[in-house]
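Two complexes come next, and they have one chain in common, chain A, joined by chain B in the first and chain C in the second.
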Partner chain A sequence: MNYSRWTPFLFLAPALAGLAVFRFAPIVVAGAGSFSGMTLTGALEFAGLENYRWLLTDPAFWDSLRITLIFNLIINPLQLALAFLLAMLIFQPGRGIWVYRTLLVLPMAVSTGLSAVLFKLVLDPNLGPLNGILEWAGIGAQPFYRAAEQAMGTLIGIATWKGAGYWMLFLLAGLHAIPASVQEAAMIDGATPWQRFRLVTLPLMRRPMAFVLVADTAINFLFFAPVYILTGGGPNGATSVLMFEAYRSAFTFSDIGRALAISSFLLAILAVIIVLEFRLMRSPEDRR
Partner chain B sequence: MTDPLAPSPLMAMLRYGLLSVLAFCVAAPLAWLCLASLSPQSEIFQPVSDFSWSGLIPSRLTLENYRALMQTDFPMAAKNSAIVALATVVCGLVVNAMAGFAFAAFDFRGKTLLFVLVVASFMMPFEAIVLPLYVMIRAFGWVNSYQALIVPEIANGMIIFLFRQFFASIPKDYYEAARIDGASWGYIFLRIALPLSWPTVATASLMLFLAQWDSFFWPVVAASDPDYAVIQVAIARNINFEQTNWGGLFSSTNLAIVLGTIPFLLTQRLYVRSLVAGGIK
Partner chain C sequence: MTIQRRQFLAGASGAVLMGTTGLARAQTASLSVPWMGWPDEQVAPLMDAFEEASGIGIEYERLPITELFNTLEVRLSARNGLPDAYLVDGPLTASYAARGHLMALDGLMEGELGRYVPSTLVQGSYDDTLYALPLGTSSQVLFYNKAHFAEAGLAEPSADPADRMTWEALLELATALTGKAGEFGFAFENTNPYQLLPLPQSWGAEVIGPDGLTATGYVDSQGFIDAMTWYQELFTRHKVAPAGTFEGGIMQEMFGSGQVSMMVGGTWNLEGLKRFADLDFGVVPHPYFASGKPVTATGSWHLGINPRSANLEAAKAFATWLSTPQAMDLFFSLRQYPPALEQIWEERAGTTFVDPAWEIVQYELANTATPRPITPGYREYEEFLRGAMRDIQGGADVAESLARAAASIDREMRKYR
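Let's look at the complex of A and B:
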């Protein structure tokens, strides 16, 4: 077809410029900035590995890393399991199933920030209806996000409320991609429903499940808004995940170098996750 | 004869029972917020110690909490959110559709590499670069401005990807014929390709709108000044102050959720299809 060498780039220029400046340049800024420190006058100056040396000897950073890892080790398998259960429940056609399906995906239209606000009201220690119900049931009111032992569990619950239906959609697509003939063949061979689930469905769902696990992990490593809105990293640092720690470095302690060092650390973890995602998205045939 | 794949009545009961419990847990908080926002200010909360189920149903429905919103910072925040979201939708559609068209219609050097970078850009969650981006925006002198909220969100790898998928499904003969008739590439893009892609335009508009309507971390960092606070930031700010205006908080939160949910429900099918296609195909 006839077009000059430059035509494609004229069409691409605005979008590529936008991505270069606002998606890729910040990665470079994070990397470069993590080697600099802020002087008293507010100017940036080269500080070598100083920020990283500080970070690695700072117990607050190690606590935050530990909290982030525990958070991810719990929330990602939990969301995957719940999403898979929901997908299995929704998958077969049935009367009124679309109503359940719509209700279950509804929270994905509620932003993370607003779901945190919503649950701050639902879980309010003195006036919230959930504590009212717990009192009524004889269990007794719970402190939820106000107690160090319960705060992390509360945040996991809120994020799962929002996320389970969303990830269910990906697993539903995976279930639909399993040819009906495969299930029927197993039936004819006399497989029980449990055997069909364990020997046919589960192995064929490995890829969509791995995709959900990896993509969910990428998001949950950067968990921020509910911490900011509900706990402010507390009580007693119990919910100070890395992204919040980075935010606080920049805006509470005005230590941009530390904030960028933590950001670089998170970006390195994400790079690994994205490579995994790319490998999962390639179809099995062209994997060698 | 019964369908051998059909579940037994017991299994069906178990299935619907479990689904009902789960759907209740998901929907109840939203339903409660909605009802409470419509009840008189004095009934919104009931003390935990004398909880009763009937207390959850308002004695009468009223819009007084919504009328009271006009005296708060909500109209300002809604205006900011609307300006930011609409500007992003308009600019984002043009810029990303052009790029998607280029990836679908042309062959050029470095195409594969550039496309991999586009895909990588949307697999990296935006939160990861919020702090370094803030350092850049501060250097531009953009902190607390509309452009800080709009410009970084215009180019969007996911939207480029969606448009490429659509434009690649149009046979190249189509463009070829128009070229022979003497049409410029700009004309082919605007008058032939773009009108054909209206389902993608609808999905992309919704995704760009929701991305802005729902964003929280970036606005908190880049534009926390009340003059530029978007809805999410204004609501989060109100809940962190010692709260007396419960009616205002409930009605504004519910309104923000509903305004984000309606477009989602209207285009749910298209939206979900492209989302899943982007993730798994």
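Let's look at the complex of A and C:
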């Protein structure tokens, strides 16, 4: 067997190349591009810190940052909690459990864009069937994504409808990985179901939960398609998350410098938040 | 081993085959042309006629209006050969031309410009050069359902521009009609600056600064706020109009099917409403505010050529063909935009244009038609203002929405200063 210390790297090379081309290169391009501007005729020119200076003095940017943070402060814990709850509910084998499992995972099969289009029809304030049902039930029609007060909630609802089942799968795998012997030992020691959940299940679920929280955060900071399809950042800027601001700058207003500055800023915040999340989710053993 | 070689050969021959079809395509140029999302029966006959006349293939994509603008923006900013030619909304000529996305057409149309209605050439020009070939202009009129008026016991409004209805009178009619014969008394066909700018303009407000690059102080001026507050109350206070109907074509459907009794809309409805066999409608001039002056929307579609197109000759042939009376008469018969060629006006003077609706249109084009702001930043202006108009319709605070739009427009205008 011809083995050298480089052999592992040989096998890793394709994955590393993919990572370099599809992950690191765009980050470098965005970072460098955020210090440049584009003339009207499409020529790139060095702009120094101008894009960032503009951004930091632009109230629309601060509004958008606030909206992005609020969105994530709500949606990430919500999706994690719901995913965990769903995983616990369908963890215990029972008759017909596969029906529930299928139902919960089904939204995954619908693409994000398509689910936004579906909900646009279902929630249409004038013609949508949901308002028909609400009126029939005496609750009254709701404006949903057309009103500033409800738009963010509507988007969170749609994203969670699609996301909860997906993240549940990872937590379900985590639950199955907890050795039955540990639970049995706790039972023999006389632990109540609540004690077993709090002192055995929860601590052993730290790692899958950390993964779900971090991955979910990364996805939700880049939340875009439903905003584009349903609200266009409105009403009155209520759903103008940073990704949408960046998109509009790049593709509607041909201001590529501002778009890349927003993207770079977003990446920096995301990195900080993910580091914080990892620290938060670290188990006591890892801390030593 | 043999299997591998066979697979390789299959792959290689496939690649060769793809290569040759690529060549064949390049020889018989096929134009890529994004188009408006009108019903296909209003688009296909025009494209078929061009293919037949020229032998040049054309691949057109029908896109809903906002998608059209977004798609064009993304494709043009790639600065490659696609699309070959595209539909240009009149006020966007300056925006595309300033950024090098339009080929100058002066050479191509040399000696031909005298055949056009002058205002359409103004819309298609930037820096005294024609960049976008006019296909038509536009005008807005008030459509009303005659049966609904009879049912509610109301006298029909006058078609004489001298006797033009005020918005105040329209509101009274709309209130009387709402819930009687139709569900809603009145609606604007669309929710965008093209359709709604005549409200603040009729109120007496200026809608953009004299430099064409300043929105603050204009879009958020008191006159603009008052006019848009009046607009908002149609939906929130008087409830005579259906809110949140932003999809193209919905309002024609609602008026045609009798859900809405009056509609301000474009001349294309004269053709489009024919499919509602039971509908008996009348046409009267666009209303105005009693305290202000009559103002109507105008401006329309043009054809632009991408200067980077790999099929420039074919694209020019398309433009040249679209300047012929035959092509423009066909375009008119499909969509009924007021023609850009003087010849169509003359040829149809004794037939189509004796219709009272077209007499109103000719009066408006000569007297009240007011083009949208002329600015290289019209794209930005329209995008933010359309958002604000939709929010206002949905009940958002009018002054706040307009102030936000004005600030955003000014921010994006900086690149043109």
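Just so we're on the same page, the second predicted complex is superposed on the first by the 243 of 288 C-alpha atoms of A that agree within 3 Å, B and C clash if a C-alpha of one lies under 4 Å from a C-alpha of the other, contacts with A are read in each partner's own complex, and residues count from 1 in each chain.
The rule is simple: a contact is a pair of C-beta atoms (placed from the backbone, for glycine too) under 8 Å apart; a residue touches a chain by one contact, two chains touch by 3 or more.
Remember, it's a predicted structure, so these values are computed and weren't measured experimentally.
S.K.: With the two structures laid over each other on chain A, which partner does A:R146 touch: chain B (first), chain C (second), both, or neither?
M.R.: Second partner only, chain C.
S.K.: With the two structures laid over each other on chain A, which partner does A:P125 touch: chain B (first), chain C (second), both, or neither?
M.R.: In the superposition, A:P125 contacts both chain B and chain C.
S.K.: Using the touch definition from the top, say if A:P26 reaches chain B (first), chain C (second), both or neither.
M.R.: In the superposed model, A:P26 contacts chain B only, not chain C.
S.K.: Which of the two partners, first being chain B and second being chain C, lies in contact with A:S111: first, second, both, or neither?
M.R.: In the superposed model, A:S111 contacts chain B only, not chain C.
S.K.: Please determine whether it is chain B or chain C that touches the greater number of chain A residues.
M.R.: Partner with more touched residues of chain A: B.
S.K.: For A:P14, is the partner it touches chain B (first), chain C (second), both, or none of the two (neither)?
M.R.: After superposing on A, A:P14 lies in contact with chain B but is clear of chain C.
S.K.: Does chain B (first) or chain C (second) touch A:Q195, or do both, or does neither?
M.R.: neither
S.K.: Which chain A residues lie in the overlap of the chain B contact set and the chain C contact set?
M.R.: 124-126, 251
S.K.: Inside the complex, what are the residues of chain A that reach chain C?
M.R.: My answer: residues 40-42, 58-60, 124-126, 143, 146-148, 232-237, 248, 251-255.
S.K.: Residue numbers of chain C touching chain A in their complex, please.
M.R.: Answer in residue numbers: 70, 73-74, 77, 79, 98-100, 242-245, 379-380, 383, 387, 390-391, 394-397, 400-401, 404, 407-408, 411-412, 415-416.
S.K.: Sort out for me which residues of chain B touch chain A in the complex.
M.R.: It is residues 4-5, 7, 12, 15-16, 18-20, 22-23, 25-27, 29-30, 32-33, 45-49, 51-53, 56, 94-96, 98-99, 101-103, 106, 108, 111, 114, 117-121, 123-125, 127-129, 131-136, 151-155, 157, 160, 172, 175-176, 179, 185, 189, 210, 213-217, 220-221, 232, 235-236, 239-240, 249-250, 253, 256-257, 260-261, 264-265, 268, 272, 275-276, 279-281 of chain B that touch chain A.
S.K.: Which chain A residues qualify as touching chain B in the complex?
M.R.: Touching chain B from chain A are residues 1-3, 5, 7-9, 11-12, 14-19, 21-27, 29-30, 33, 86, 89-90, 92, 94, 99-100, 102-114, 116-122, 124-129, 131-133, 135-136, 141, 161, 165, 169-170, 173-174, 183-184, 187, 208, 211, 215, 218-219, 222, 224-225, 228-229, 243, 246-247, 250-251, 256, 259-260, 263, 266-267, 270, 274, 277-278, 281.
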